[in-house]
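Notes follow once the structure below has been shown.
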Amino acid sequence: MSKRKMDRRQFLKSAGAAGIALGAAGVSGGYLRPKKAAAAKKRPIPKEPIKLAAISFLTGAAAAPFGIPGMNTYKMMAEEYNKQGGILGRKIDLLSYDEAGGVDAQVKLCRKLILDERVDVILGYISSADCKAILPLSDELGGLIMAYDCGTHVLMEGDASPYKVPKYTLGFRTKAHLGIDNVGLALFIKKYLPNIKSVAGINPDYAWGRDSWLIFETTMKKLMPQVKVVGTWWPPLFTTDYTAHISALMGAQPDVVHSALWGGDAVTFTKQALGMGFFEKIKMAWSRGEPYPQEVGKEYPEEQIICCAGTHYFLYPPHDKWPLNKWFVEDYTRRYGKYPTYPCYHAYQAIATYKHAAERAGALVGGWPTIEEISEVAVGLSIETPSGHLMIREDHNGVEDVLVGFSKRVSDFPFPILDPNRLEVFPAHMVNPPVGIRTVDWINGWRA
Amino acid sequence: MFVTPSYSSIPFAKSSRVVQRNEKMWPIYILNGLYFAAFIFLISLGLNIILGVMGVLNLAHGSLYATGAFMAAWTIVALDEGASIFLIYPALLTGAVIAAIFGLFMEYFLIRPMYKRALEYQLLITFGALLLFEDVIKMIWGGEALYASGPFDVLGRIHILGNPYPLYFLFVMILAVVVGISIWLFMVKTKIGVMLRAISLDREMATAMGLKIDKLGTFAFVLGAALAGFAGALVVPTTPALLGFGMEPLILAFIVVVIGGLGSLKGALVGSLVVGQTRSIGIALFPEIELAVLFLIATVILVVRPQGLFGR
Amino acid sequence: MALKRFLMRPRFIIYAVVILGFVFLPRLLSTFNLILFEYGLTFAIVALGFNLLLGYTGLLSFGHGAYFAAGAYGVAMTAKYFPAHFSLEILIPAALLVSLIISAIFGFVCVRHTRIFFSILALALSMLLYALVFKFYHVTGGSDGLYVKIPSVFGYTFEGVRRPQFLMGFYYYFLLGVFFAALILMKGIVSSPFGKALQAIRDNEVRAELIGIRVRRYRLYAFIISGMYAGLGGALWSFVNGHVTPDVAHWVFSGEIVYMTLLGGFAVLAGPVVGALIFTFLKLYAMGSTEYWMLIIGATLIILVLVLPAGIAGGFAKLVAKISQHFATRAA
Amino acid sequence: MLKVTRLVKDFGKARIIYPTTFEVKRDEIVSLVGPNGAGKTTLVNLISGHVKVTGGKIEFLERDITYASPYHRIKMGIARNFQITNLFDNSTVLDNIRICLFSVYGKIKRGILPATHYKAITEEAAEVLDTFGIGDKKEVFPGNLSEGDKKVLDTAMAFALKSKFLLLDEPTSGVATGDKFKVMDTIISAIKKERMACLIIEHDMDIVSDYTDRVLVLAEGTIIADGKPKEIMEQSNVKEVLFGVKA
């Protein structure tokens, strides 16, 4: 523990100014708010372990490339924290559940966890559809829920800006929403491919895909109005045969194809597209493509635009500058034989957020805090994560920088990595809308 | 061209813009349709034989297809992707074999006691089998996706009018044609085939003629299962094998059967061509509603011609 | 005197006990189990309606999820498009209307066939509905489904009430009331001349036509009634579940409805009710206890069909009959 | 009351009924005899509307019903039984009759009150059963009835439809020879009581001569003789077709 404190101090000397500013803002914000909670008198800390339910895809297409790495990280971090003495002295008892089975099954499971199992917190949910259905349950059933990966921007947004925050008192998302991915992509395309004529989209037919495309399209219209959209395709989630879609895309002849396909779908699409010579003509722009070069391996095409869903990348921040990432990558790789991908970083963010919030609230109320107190303290929290800083805002949503790059084959990795000379990091304030403003309105409000 | 959509108010037709098309791609669309038709044909052929001969609509047919897919994938992975062509292509047959075995068990323990029973029981027991299979597959091969793209990669691509197209798809089409023809020959030329047709035409008569309904029924079921498994095996090099893998093909096979007519082999052929082309061209032209179009067609046909195009 | 005799009848005593039990259930069960029980009740209504078609008219629909979905989406869409009118007294009739329309249209197509043709056609139609709901994302929310908030009742809005409290309190008794109303109505229908006509059609189509029953028309009536029961169930379910997805229009859900009905037994009026309640708990506890829950319910189904085709309630009724007969012969 | 003129029926190429003409008067009991395959049942099916007419004309109460649907013929008052009994096996004997009566009185659409609530109809059903001598078997299911009682019930159902004209297809086939006359007695007395007209297909010449006012002899799809039982029996061609006796 002490060693890692050291590391952080080292970091603060060398890290970028933006980082500090953000961090400082976060920290101060964090200490200013919870006055009421502080009034509470001393309370005992229960002996029994914390029931922490982690939910992620453990079966189906999304399991191997996505859900399981996430779950692995939960296991790893729970172990790590328990080694450090748990949270306020309480050990973490990690209960893992499968997210497969559709929205309805998840609604039922969540109700069971809160009403029947009485878990302390639920960390989980990859599918935006699940999040949209689940987060309302946080206040309805009175349980603390932290969405760890799902992206849709409407999750925490109201119907018209400015909207009232927070939308859910007990519901959080410990990461930035898909705004960063798609705005980042658009900015990147504008910088590196200014002359493209046309784009198309292939996105899964549910909240995540629909909203990703919506933000991407809106941003492109703002940044590069000359670019035409030559078609959008909406295969259902977990489609196994994309051949027809691939041919249709090739027929539409776009310069760049935007895609929010993820997990097994992204892998399947890439393999089939390779087989059909898709990449000979067309460049993909993956709004969350970071894990898939590693999944597909050597034959993964070069020059594809890949966004890292934040700055979640096993080579960034550079290990010498940011030892926490070094430690995370090394520990994860040692345990599971693969490099951590962005779901892993998201899992880290979720569990770390809970830990810090609980500890701070505990310190303030002198004892084990209620979930309401935890949620109050979590607002404005700013924590270091392996990929930089995460700040939780008043809208209970995280904000992060975003990293975009081109895939490139190199000698020392068995799969393409992001070309180090053409990496772009767009700072949080460039890619996240301000609190209370709907992302679409924010983008439309830009001055050209 | 661009209109800023605001989330709350997008008319649903909005994102289905005019798709700019490259005319040179048409052959590819058609080929995709044929490829899709090819394996749907194999599945629905099996479904139809079972339906025709035994009068049982096998809801677990998709699961047999899935077992075939998993088995083939598993074998190929076990052989490791690098194995020689002479190993990995025969490996595809394992799919048919395992499905046949599962089919044999299913027929013997579940379907046979149902012969004399009412329709609802026959349907329900296959429904039970469907649920059962899902977890059996999970137990045997685990919950994760199985990739086995060996056979697909080995064959590479050819160029059709300047468009690259994977050779493997053509290979699948040819196989499907071969299977189709041989089944047809079997049905008209061989003694067993004739007997099977007799049963599907008129069960009572066939019984009166003293045909061994039970044995022939078992045979038909196993044949149908094997076809489904083989279809699964052919598909798996291009797609991962997943849990719930059989659901969509099952529904598509239903549509084929509905369009073509219950128990009609010719119907299975025509129906799967319709379904295949509708899907491929539907995706190319109106991406918004591919899925719905199929059911619309099926329903219309059922309304105007209840017995299907080639039904009796 | 007659009343006294009526009150003394064992049957009546059983009824009384059951009803009292239902009324005091919120005291006995945990919140979670009570909510499960409410799921059971909604499905029971659906199964009742379904059985009018299967048990009494002899038609096996493998697409009843469609009418369930019609009711559920009837509610959810009202929530989305007319938030002002989101109150129970409007929503229930609205849902009934929607399911009436859909089942009338689909029914008109379906009743022209019988046996397996009917089943497949019903399945195809429900899948058509599924495909439409799934595809028109911006109208129906696609596979995300739609959120259903707590409705108001005659202007009284449940401000700041959490759903469990709502479900434990007012809604449970409302649901109970609707359920018993539906049950009694169904009892009336099946023993009425109309019901007898349906059973006549089930037993012997040809002769039914020959004693002057318009067979196809009566099938359609039965179809619509059972569709509306499904719709009612769907609407009530949507408030319990709080979220509606296209899954309920998928044929697998329709399969579960058939499952419930046979689990209870379709020869007895109460069969589907028993089946629905048992199925709900069976499924959830199977899901809770093992990841191989499908195996459990699948195996249960197969064993049921092979060993106890009359279903649980049906088997029980048979048993009772046998015993009473036994004693009767003794006495004689 | 029933008037059949030059009625013709083909099945595909085969002609089953050659131009046939006959008439049945009010409250007259006519029997239709003839060797197997002469087309007796086909003729009945044509009249009851079960089988589509190829050519010719059927009139009932001076109204052309050649192309009327079975439903309308029933509503006009043509009822029939079946050679192979055709009952509602899962409803009690009482209900079998009751459903017919509900249909007659247009009460089938009533969907709320239980059937037992309609007292009058229940009683009438009971009466019908009594007239046919199976009043004691109300709660029995048809499956448990004797062959004879099934026949009687089947006829009783046709009878309960308050029809003016009954088509009885071999009402005593499958009935033990001893009971035949008992069965016929009940049926005929009931019919006479209601003053119905009736066309009976029958093999047993004793029954024919004992119970029917007039006999139609059908051979190779056409009527070859028509008259009082006694006279008909004398005709040589009838002897030939019925008993294969050369005169």
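Each chain carries a letter (A, B, C and D) given by its place in the written order, and its residues are counted from 1.
Heads up, the rule we're going with is that contacts are C-beta pairs under 8 Å (C-beta built on N, C-alpha and C of every residue); 3 or more make two chains touch, one makes a residue touch a chain.
No experiment lies behind these values; they were computed from the predicted model shown.
Visitor: So if I look at the partners of subunit B and the partners of subunit D, which chains show up in both lists?
Guide: Both-contact set = C.
Visitor: Among the chains here, which has the CA centroid at the largest distance from subunit B's centroid?
Guide: Comparing chain centres, D lies farthest from subunit B.
Visitor: Subunit A to subunit D: how many Å between their CA centres?
Guide: Here subunit A and subunit D have centroids separated by 81 Å.
Visitor: Between subunit A and subunit C, what distance separates the C-alpha centroids? Give it in angstrom.
Guide: Taking the average C-alpha coordinate of subunit A and of subunit C, the gap between them is 41 Å.
Visitor: Taking each chain's centre as the mean of its CA atoms, how far is subunit C from subunit D in angstrom?
Guide: Measuring from centre to centre gives 43 Å for this pair.
Visitor: Can you check how far apart subunit A and subunit B are, centre to centre, with Cα atoms defining each centre and the answer in Å?
Guide: So the centroids are 38 Å from each other.
Visitor: Can you list the subunit D residues in contact with two or more other chains?
Guide: Residues of subunit D never touch two or more of the other chains.
Visitor: Among the residues of subunit B, pick out those that touch two or more other chains and give their numbers.
Guide: Only 10, 138, 288, 291 qualify.
Visitor: Multi-chain contacts in subunit C: which residues touch at least two other chains?
Guide: 134-135, 137, 291
Visitor: Please give all chain pairs that are in touch with each other.
Guide: So, checking each combination of chains, I get A-B, A-C, B-C, C-D as the touching pairs.
Visitor: Please output the residues of subunit B touching subunit A within their complex, sorted ascending.
Guide: 1-2, 4-8, 10, 15-17, 19-22, 25, 28-29, 32-33, 35-36, 138, 143-145, 147, 149, 152-153, 157, 163-166, 168-169, 235, 238-240, 242-245, 279-280, 283-284, 287-288, 291
Visitor: Quick check on the complex: what are the subunit C residues that touch subunit B?
Guide: Its residues touching subunit B are 54, 60, 62, 109, 112-113, 115-117, 119-121, 123-125, 127-128, 131-132, 134-139, 251-252, 255, 258-259, 262, 266, 291-295, 297-302, 305-306, 309.
Visitor: Flag every residue of subunit C that touches subunit A in the complex, lowest number first.
Guide: That would be residues 30-32, 35, 134-135, 137, 142-145, 147, 162-164, 241-243, 245, 247-248, 284, 287-288, 291 of subunit C.
Visitor: Which residues, counting only subunit A, touch subunit C once they are in their complex?
Guide: Where subunit A meets subunit C, its residues are 98, 102-105, 107-109, 111-112, 115-116, 128-129, 132-133, 136-137, 139-142, 205-207, 210, 234, 236-237.
Visitor: Quick one: which bits of subunit B touch subunit C in the complex? Just the residue numbers, please.
Guide: Interface residues on subunit B, with respect to subunit C: 10-12, 14, 55, 57, 59, 110, 113-114, 117, 119-121, 123-125, 127-136, 138-139, 247, 251, 254-255, 257-258, 262, 288-292, 294-296, 298-299, 302-303, 306-307.
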